[in-house]
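By written order: A, B, C and D. Residues from 1 in each chain.
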Amino acid sequence: MADNVTNERLTDDAFHAQRETIFREQLGRAPYDLDEALAFSLENAKRGTVAAVLQKAKATGVAAVVPRAGVASWEGQRALMQMLDEAGAAYLPITIDSLTRELQFAEAERRLASSTTEVSALNGYPIVAHGIEANRRLIQSFDKPVIVRANAVDLRITAETGLASGGTAFVSGPMYATLEYSKNTPLSEGISKWQYIFRLMGIYSEAGVPMADDAVGFSQSGTCSVPALMHVGVILDALIMASQGVKHIMLYSMLQGNIAQDVASCLAVEQLATEYLHKLGLDDVSTYVASSDWNGAFPERRPDAYGLIAANVFAAAIARAPLNYVKTIDEGIGVPTAESNADSIRVTRYLMNLIGRQAHAWRTPEIEFELHLNLIQARAILDAIIDLGDGDPVVGSIKGIGTGILDIPFSPNIHVKGNVLPIRDASGAVRFLDHGALPIPAEALEMERERLSHRSADPSALGYQDVVDDLQFLELDTFDPATGTEVKA
Amino acid sequence: MADNVTNERLTDDAFHAQRETIFREQLGRAPYDLDEALAFSLENAKRGTVAAVLQKAKATGVAAVVPRAGVASWEGQRALMQMLDEAGAAYLPITIDSLTRELQFAEAERRLASSTTEVSALNGYPIVAHGIEANRRLIQSFDKPVIVRANAVDLRITAETGLASGGTAFVSGPMYATLEYSKNTPLSEGISKWQYIFRLMGIYSEAGVPMADDAVGFSQSGTCSVPALMHVGVILDALIMASQGVKHIMLYSMLQGNIAQDVASCLAVEQLATEYLHKLGLDDVSTYVASSDWNGAFPERRPDAYGLIAANVFAAAIARAPLNYVKTIDEGIGVPTAESNADSIRVTRYLMNLIGRQAHAWRTPEIEFELHLNLIQARAILDAIIDLGDGDPVVGSIKGIGTGILDIPFSPNIHVKGNVLPIRDASGAVRFLDHGALPIPAEALEMERERLSHRSADPSALGYQDVVDDLQFLELDTFDPATGTEVKA
Amino acid sequence: MTESLQGARVVIGSIGDDIHVVGITILGHALRNAGAEVIQLGIQTPVEEFVATAVAEDADAVFVSSSNGHAAIFCDGVRGLMAAAGADDVLLYVGGNLANTAAADWSEVEARFLAMGFDRAYPSRTQPAQAISDLVADLAQRRSASNG
Amino acid sequence: MTESLQGARVVIGSIGDDIHVVGITILGHALRNAGAEVIQLGIQTPVEEFVATAVAEDADAVFVSSSNGHAAIFCDGVRGLMAAAGADDVLLYVGGNLANTAAADWSEVEARFLAMGFDRAYPSRTQPAQAISDLVADLAQRRSASNG
């Protein structure tokens, strides 16, 4: 199957055959009753959906702020979600543990049994182990809609369970799951497994439950990356989603600390999505920019983390992103406490409000510079991939990984060339130190080179060690206690 | 005496006569031995001065971050300063309690006796009650220089004590102390008492100890105010200081939440100071913009306070202010704990560093708009005042208070007309709702009217209640928990 | 605009060495809007001036504000001096920022000021509407008590 | 560039279901710079693969990394399987982010992993230089112990 994967929509037959197989193989049982699940979901969706929240946010200009969070026990997860609800999350997350994601359902169940409301032995909520009935009770105990958050190559059972339980949004796609999260999986396999999930979402949507999905692309690598390259992944994920019938797509834009570049990144990803969805004739899709707080190494000290989150919110507010995925002030330490989750939402909302009022004043020439650069880079790569696939982005991506016209930095996946390296310029904006075989236009390379020359008179002297140092850029611990000032790097 | 106050420098005779009188009247003793104090100070200044810290900050572009803090007991104050030192304060504050400021030295001494290291019965450090010897031990126990912070009409004994104890900077001036801090004192009296202090600082400076002073002007009224009007006070204070021989002046610029206006405010106050000091032939004075975190009602919740401080730091960093007076995340609650002081300094430093690197990208047209507006308003008022005094700003100010060409909002002082009212526009920038008799040029009024029209189609419909509501603007508590979004005002 | 304080006479000011003017400005404005006759003493009002004004103006209530952390220093004697001046029936309210550390617990602070003889003590951020409706109630109760 | 690990053979990877790759990438790079022969297993390495590789490659040390909060789940069996494979003399280090909550106390976490049989356990944010100098010391001690 994985050999001739294309961007075609899965047929009903193929979908249902695959459905039988995975339920039998992974759970040793027949599939959930889909009609029952759709009927439940339709009823449940009357109470609200993630798509509706996002539509409202886009229309009113008041951004939805959403955290990520999951613990093992039902009561613990209930308490966590209640606290996030009160803190003002626009919709509520259920983040799934990584044993479940890796299909180790039995082990997840064992660890759930050894977890208490206070102590979680898992790094998320084992949604399969809890079972649909308990999940529904959990979800229906809140007024706000729920997103089920997970990322891995094969989340078909997790998605089936999450959607049947009343979740109205899901996370991720094949680019992120395969190339940023898996060691051995070929991209073709990741795509085909995710196409199943998107088709499932399509079926729910066609039944009247508008399912939404986070297109993460290469935007959560945990390292800095050139925004255009992150967008390539987002757009490819989005095209694959939309082709299977997903109608509401959240476009990730990870914020990296250089505000002009971050604003441009949010603007670019929306523009690119519109362009390329249109190019493939997928016009009836709604998109929402999801600005996402910095996803790499966070400062350990809370005040610094507040500062970093503030810098991110500035960018998101200026770009008027309708959705912000917020990190917490405990990110650099460990799984956040309930209180720090609430505090992180509050500081985000406060600044969204304050800066949102003055956003129009901050569309600067620097943002236009970054936007132009971003667009010409992303279009060059996307066009080359789609051409390589003779118009099919799936075929093009799979081939592109082999030739390196699709390549990313710091990938754990053995099939990725890994010749690309990002580096920060003197202002903290992210550039290519090495663009490998990515078809970056000469104009863009020249723009980047000029910017890098402010960091080092001879940009070619910048090397791997600078890349490594940059990984900790936002920890920014350059304080000299003796003089009470920051020592400039 | 107060009747014919001018901007002339105090003669040595007048100074020493006044010195004898105040020591006798207020402390019932002879003045401190000035030669001994100068000798001590000169020796002590070798370890560093506030002026030197500021010179370095201005030269390197790495801002000095300084908190304000004072408690009653010596040990408590020592512990507080040590913590601020470790947190990275560029120089250390000793804030004086308000009984001492109001010359109730005996009562302050009684309350000191009932204070412990843990519990302070006073809202600051009673510097006169502690005595020079103890103060010197306190100041000399730190490597960093010390600023003595106080504000009131008559701080002559406090200043004498602070300087003789080894402080190398002092706070405030007659505009702030008289018009923002006193109910009955006429401006002439406030000016003449502060001229004494500035002359004292001049004497130290001439002896080789470069004393620095915060020109606060109308920048700490506790309410929002049009920046140009705040600057008028700062410039008048600075001119009076410089005329008595103060050579290092920190120019306050209070940050109010609209970042473009705040950046412009920092740029304007420096430009105005240079212009008007030059106009009066006072060219050998160094000035340092002191961005000061919002000084009005603070949000009660810590994450909100972090957000507000972050917004302020953005402005300060873009303006490249060499000095930032930081508020704390506990400001809205009460006298801050040591820990929240440290946290507030840290978040400030983190963002100064991060945003400082990208400051050049944010000199926007909006900032130029605000800068132009600020300058034409401030120059019109300052020129009118100086004209009224036939070239003497002191004479002009005193007359101006009577005619209302010098007027401020929310003054507690009975001599102030109080016809001026500030109001926020839709972006949070502060405009005149009523400019009373201030000689604001037509061009400026038109610029403001246009901006206010975005808040209300009919700006003349905005009234006193809107002003009152605006006082709590930065508490911004518009959160709707049910939807998890901010409800726009 | 509610006129529920029609006829009531309220003396208001910041006490002692306190220079915070914003709270009393707003509060005075709100009391006036609610129909009261407001005698605004402004900042740094000595205890004696509160008492003398209350007597001279035949006040129904005195609103003492203190924000600078020195409330405990200056508020202690108010009730005693009022009594000595024969004005024991005047309502005494106190508000502003009565503690002097962020760590203070409000219920303890409140108890302390009630013990000093204030009829009501308010935490910071009290909305004027709250104080106004309390005053309406307290005045009504007085009236019915003196009628009954 | 210090070459103090010349000749040492180090197996490194993220364990179990962990996909965090940045830490092991940097650490591998640093070990290589210090002269070691690095066998990089990448992310999601099963315990069995650590053991088999250590044996096959005749490793001096195995660096197990776990960041995702599941360290306790996967690290328990490493020492036992190494012993069973007759490779009991291989140094076992573990690092990354070993607790699974921000509230955890490091000394307790460390004790737990040492009890599992690791020679050293490291808190998050450990600089590679620290681990390298510890490894130099541990290897030197082994060598002198086996010589003595």
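The rule we apply is simple: contacts are C-beta pairs under 8 Å (C-beta built on N, C-alpha and C of every residue); 3 or more make two chains touch, one makes a residue touch a chain.
Chains and their UniProt names: A, B, C, D = Unannotated protein.
Computed from a prediction, not measured in an experiment: that's the story for all the values here.
Engineer: Which chains sit in contact with both members of the pair chain C and chain D?
Structural biologist: Correct list: empty, since no chain touches both.
Engineer: Centre to centre, using CA atoms, which chain is the farthest one from chain B?
Structural biologist: D
Engineer: Mind checking the centre-to-centre distance between chain B and chain D? Centres are C-alpha means, answer in whole Å.
Structural biologist: The mean C-alpha positions of chain B and chain D differ by 56 Å.
Engineer: What whole-Å value do you get for the distance between chain B and chain C if each is reduced to the mean of its CA atoms?
Structural biologist: Chain centres of chain B and chain C, defined by C-alpha means, are spaced 31 Å apart.
Engineer: Need the CA-centroid distance for the pair chain A / chain B, whole Å please.
Structural biologist: Computed value for the inter-centroid distance: 46 Å.
Engineer: When you check chain C against every other chain, which residues touch at least two of them?
Structural biologist: Within chain C, no residue touches at least two other chains.
Engineer: Which of the chains are touching one another, listed as pairs?
Structural biologist: Going through each pair of chains, those in contact are A-B, A-D, B-C.
Engineer: Can you tell me which positions in chain A touch chain B when the two form their complex?
Structural biologist: On the chain A side, the touching residues are 57, 60-65, 85-86, 88-91, 143-144, 257-260, 299, 301-304, 306-308, 310-311, 313-314, 343-344, 346-347, 349-355, 357-358, 360-362, 364, 366, 426-429, 474, 476, 478-479, 481-488.
Engineer: Any idea which chain B residues touch chain C in the complex?
Structural biologist: 98-99, 101-102, 104, 107, 111, 120-123, 180-183, 222-223, 296-297, 300, 330, 333-337, 340, 410-412, 414, 464, 468, 471
Engineer: Can you list the chain D residues touching chain A in their complex?
Structural biologist: Counting only chain D, the residues touching chain A are 17-22, 25-26, 29, 42-44, 68-70, 72-73, 97, 99-104, 124-125.
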